[in-house]
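The structure follows.
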Amino acid sequence: MAISPVPASDNLMGKALKEALFAGVIAFLMFLLFVGIETYQDINNALVWRTRWTLLAVFVVISVVGRFVTVAFIRPHLDNRKLNKAKEGIPDLSEDKGFLRKHFLKFALILMLAYPFLSLLIVGKQGSLKYVDNFGIQILIYVMLAWGLNIVVGLAGLLDLGYVAFYAVGAYSYALLSSHFGFSFWILLPLSGIFAALWGIMLGFPVLRLRGDYLAIVTLAFGEIIRLVLINWTDVTMGTFGIAGIAKASFFGIWSFDTGSPTSFVKAWGLSASSVYYKIFLFYIILALCILTAYVTIRLRRMPIGRAWEALREDEIACRSLGIDTVTTKLTAFATGAMFGGFAGAFFAARQGFVSPESFVFLESAVILAIVVLGGMGSLTGIAIAAAVMVGGTEILREMSFLKVVFGPDFTPELYRMLLFGLAMIIVMLFKPRGFVGSREPTAFLKERKAVSGSFTKEGHG
Amino acid sequence: MEYFIQQLINGLTLGSIYGLVAIGYTMVYGIIGMINFAHGDIFMLGGFAALIVFLIVTTFFAGIPVALILLIMIVVGMLVTGLWNWTIERIAYRPLRGSFRLAPLITAIGMSIVLSNFIQVTQGPRNKPIPPLVTDVYHLGGLTISLKQILIVVITSVLLFAFWYIVNRTPLGRAQRATEQDRKMAALLGVDVDKTISITFIMGAALAAVAGAMYLMYYGVASFNDGFIPGVKAFTAAVLGGIGSLPGAVLGGLLIGLIESLWSAYFSIAYKDVATFAILAFVLIFKPTGILGRPEVEKV
Amino acid sequence: MTSGTNTMTKDTILKVEHLSMKFGGLMAINDFSFEARRGEITALIGPNGAGKTTVFNCITGFYKPTMGMITLARRNGKEFLLERLRDFEINKVGGVARTFQNIRLFSGLTVLENLLVAQHNALMKASGYTLLGLLGLPVYRKAVDLSIEKAKYWLDKADLTDRADDPAGDLPYGAQRRLEIARAMCTEPELLCLDEPAAGLNPRESAALNALLHSIRDEGVSILLIEHDMSVVMEISDHVVVLEYGQKISDGTPDHVKNDPKVIAAYLGVEDDEVDEVIAVELEGGHL
């Protein structure tokens, strides 16, 4: 768009009106077929159609109004803000952290630790099932997956579009070894991680010399291959039916969460039977796994290997000239990321009690990648926020039954879950192309730790 | 032998469709270096446009010639889909041009999710079957060639020629190639880069719309989900052929079509996609920039 | 890795023999041989397109030469054929570090981090390839302290101590050049290869660079540099090799090369009988 001084407001309104009308015409043409016309099958199963002019009108009006508001108000506002910022000088990144921001991590941790009990207190046993499971555990699984992928994409700068493959390897390792050999969760959790890491090395070794988008498509291909093998190798994986009845995790072998068991947790503690205890237990497991992931990531970043990952993201050729074995460095990043994916997979299998290829589609990889980028590559806090917003947001949508009052009883908010998820991805990216937290914390400093602005960091080419 | 040739023909038909979609990927990649993940859904949108046009046309003008119906389906599909892709580029990709490389990739993935769910919400999640449009079948010895297969291959060839002509022989094509080589320099020399990129998106979408219409004609159903698998395969085709290269996209498409049909015929239909992806990985390991891709020179 | 055969005179660090490099049909380097001596600054000069950077890329492992041998003798007596080492081993095993014509810093890492990345191999070993380091053993801690000390030493030398915690991409051009050299030095090389270190520097930055290079040489590190700026070459190098169209046309001390008619002809593209005139001008003006 042209850079012009703030125009006179009537001029602006005229322009906005013109653009809004143009947007209306475009929207009419775009939505005419898909919204204006509804296709459905009649009693004879033949495809027929009817018109939906009102709905089409709604779409067009929304486009017109949206465009008008954008041009007339939002864009000038943003331009002004940018102008003011430029006038004030370079924004300071490190200064002026409030008390809350300084201790953000501690607060977050305390809140997470107390979360299940808070929900028990507030909504009771039955009600908190939903909050602990759908919100707590669900979000934390994505946090862990995104933190794992962050090592590969955010630190090492390798674009991996098939991360879900390692999640699947972990889940199926747990499901198969637990149902065939009866190994316990606590043995299989590390084993699943190791298996996933081995797969990471196996898949990574031949392809890591590929660069950029070639690497992306090959990782996508590997992800799909693993899913297709899971579907088709029915003798072992039961195909699309999946593996059901996977053993639950036990309380370190002391108490079991199966209701009939003699060492039942509820009996031992004299509690009334409820599945909420198991969920709370799972919540703490995944929380611990997340903390482990974060701890390892933070430690590794300050180790030579972690610095080499980031250096690789910045400039691979320079790395080689400094004697860094780039292949090994990439492989370790790939394997470490895969290992955390494997842990998360094993946990997922134990939580669901059921795994099927359905859970490991490309969309999952895309969602995890989106969380990493939306959060701000490399930033653990940003990624956690992104996971909470994106996953929690879509979960909330499930709960919005009050919308039925507005849109009528046929309205199923769930239908719009992914639609809104996609829209949110686009909107966040448009406003924050570098994610929620765009700056980077240096891993070492002489005098003061200053965050590195996102405009200096690169995103990798491999 | 006849069986083999039969499979070859089936593979070529399928490959033509993949090739058409792959061109959209490869052109966008060539000109702005971005994987347009939503392109598969643009293809699906093209199929739906064709489907709805078909329903309307057959309601109002019962008994008009099939060729005319097909023509209307394709033309309207191209226009509508082109308009969609133009808008998408304006809204979701252009503001991010020149910023972080992964940002447009994420908006493209978001757009892909939005498009497929948009169709799911507005047109329903069920498969949409249409009555067969073209039913003629020819027998040549033991071979069976259907008219729709011939149509697909012929339309693809014609479009490819037209396309090749545009890119290599017209001022528009020159602007596209210049923008691809060096966007800033092209702009300095008076190429309207924004317009050129927009037109590229429209062209890619138009080809995808044709592919969508032919996919609908070939299989007789459309579904909101149809974007992903053919999209990924077309993308695979583009990479296999060497992303950024037009002949590469077509070659890749044909190869993928052939691999798929031959693998299904001689080995197992269940593992045909595994074979496709495995061959892709294999080719890239030995030829890291695809079959016809320019080798990447590391500038030190 | 070949070692042992003592084909090199004691003070030779790098010996390039019959080096040829072909790109498709183009012969970029044709049967080029030269030696660089230990503890000296050797300059490789030549007109644009003479093939200097190609020679550099062959020596530092970014190209595999079509023909020829590049032998490097380390201080401990071991010799390596550089063209047989893998790209990263040239630095790790061969002790050759380099800089780039278009500066290649880790621009999103801080200046200090850039210098720490350069000590990757030493730190990896000290951290027991990460595993022991995760436990925070004292051995590793000590190695980390040492690495920071070394980084400080080079920060000081390159006059970058004030900017240590700033992102490398934020530095002015001249400082980026010095940082790249400091980063290369943190790998403890025996041979430092510099690709046009003075390009784009203002006179003051150029002087600072010369001082830095001299102090590096005084530490016993040999330097091989490509340079366009004749004043830099003549001022700091001990030995000059001139390349034109992929072939060596002159080799010797700066004075010798400066007065070599072939070199002058190559640089100015003049006829032989005009050479004398050129020399006269050049002696007066100080540099070309």
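Read from first to last, the chains carry the letters A, B and C; within each, the first residue is number 1.
The criterion applied here is as follows: a residue touches a chain if its C-beta (ideal position, glycine included) is under 8 Å from a C-beta of that chain, and two chains touch if they have at least 3 such contacts.
Note that the structure is a prediction, hence the values are computed from the model and not measured.
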Chain whose mean Cα position lies farthest from chain A: C
Chain at the geometric heart of the assembly (C-alpha centres): A
Centroid distance [mean C-alpha coordinates] between chain C and chain A, Å: 45
Chain B and chain C, separation of their C-alpha mean positions in angstrom: 49
Averaged-CA centre spacing for the pair chain B and chain A, given as whole angstrom: 29
Per-residue multi-chain contacts in chain A, two or more chains: 317
Chain B, residues touching no fewer than two other chains: 298, 300
Where chain C touches two or more other chains, by residue: 62, 100
Residue numbers on chain B that touch chain A, as the complex places them: 29, 35, 37, 45, 48-49, 51-53, 55-56, 59, 76, 80, 83-84, 87, 91-92, 95-96, 99-107, 109-114, 117-124, 126, 128-131, 228, 232, 235-236, 239, 243, 268, 270-271, 273-274, 277-278, 280-281, 284-285, 288-290, 296, 298, 300
Of all residues in chain C, those that touch chain A in their complex: 60-62, 87-92, 97-98, 100, 104-110, 112-113, 116-121, 123-124, 127, 130, 133-134, 148, 152, 155, 161, 164-170, 183-184, 187
Chain C-touching residues of chain A, taken from the complex the two chains share: 296, 299-300, 303-305, 307-308, 310-311, 313-315, 317-326, 332, 440, 442-450, 452-453, 456-458
Chain B-touching residues of chain A, taken from the complex the two chains share: 26, 29-30, 32-35, 37-41, 46-49, 153, 159, 206-207, 209-211, 213-214, 216-218, 220-222, 224-225, 228-229, 231-232, 317, 362-363, 366, 369-370, 373-374, 377, 415-416, 418-419, 421-426, 429-430, 433-434, 454, 459
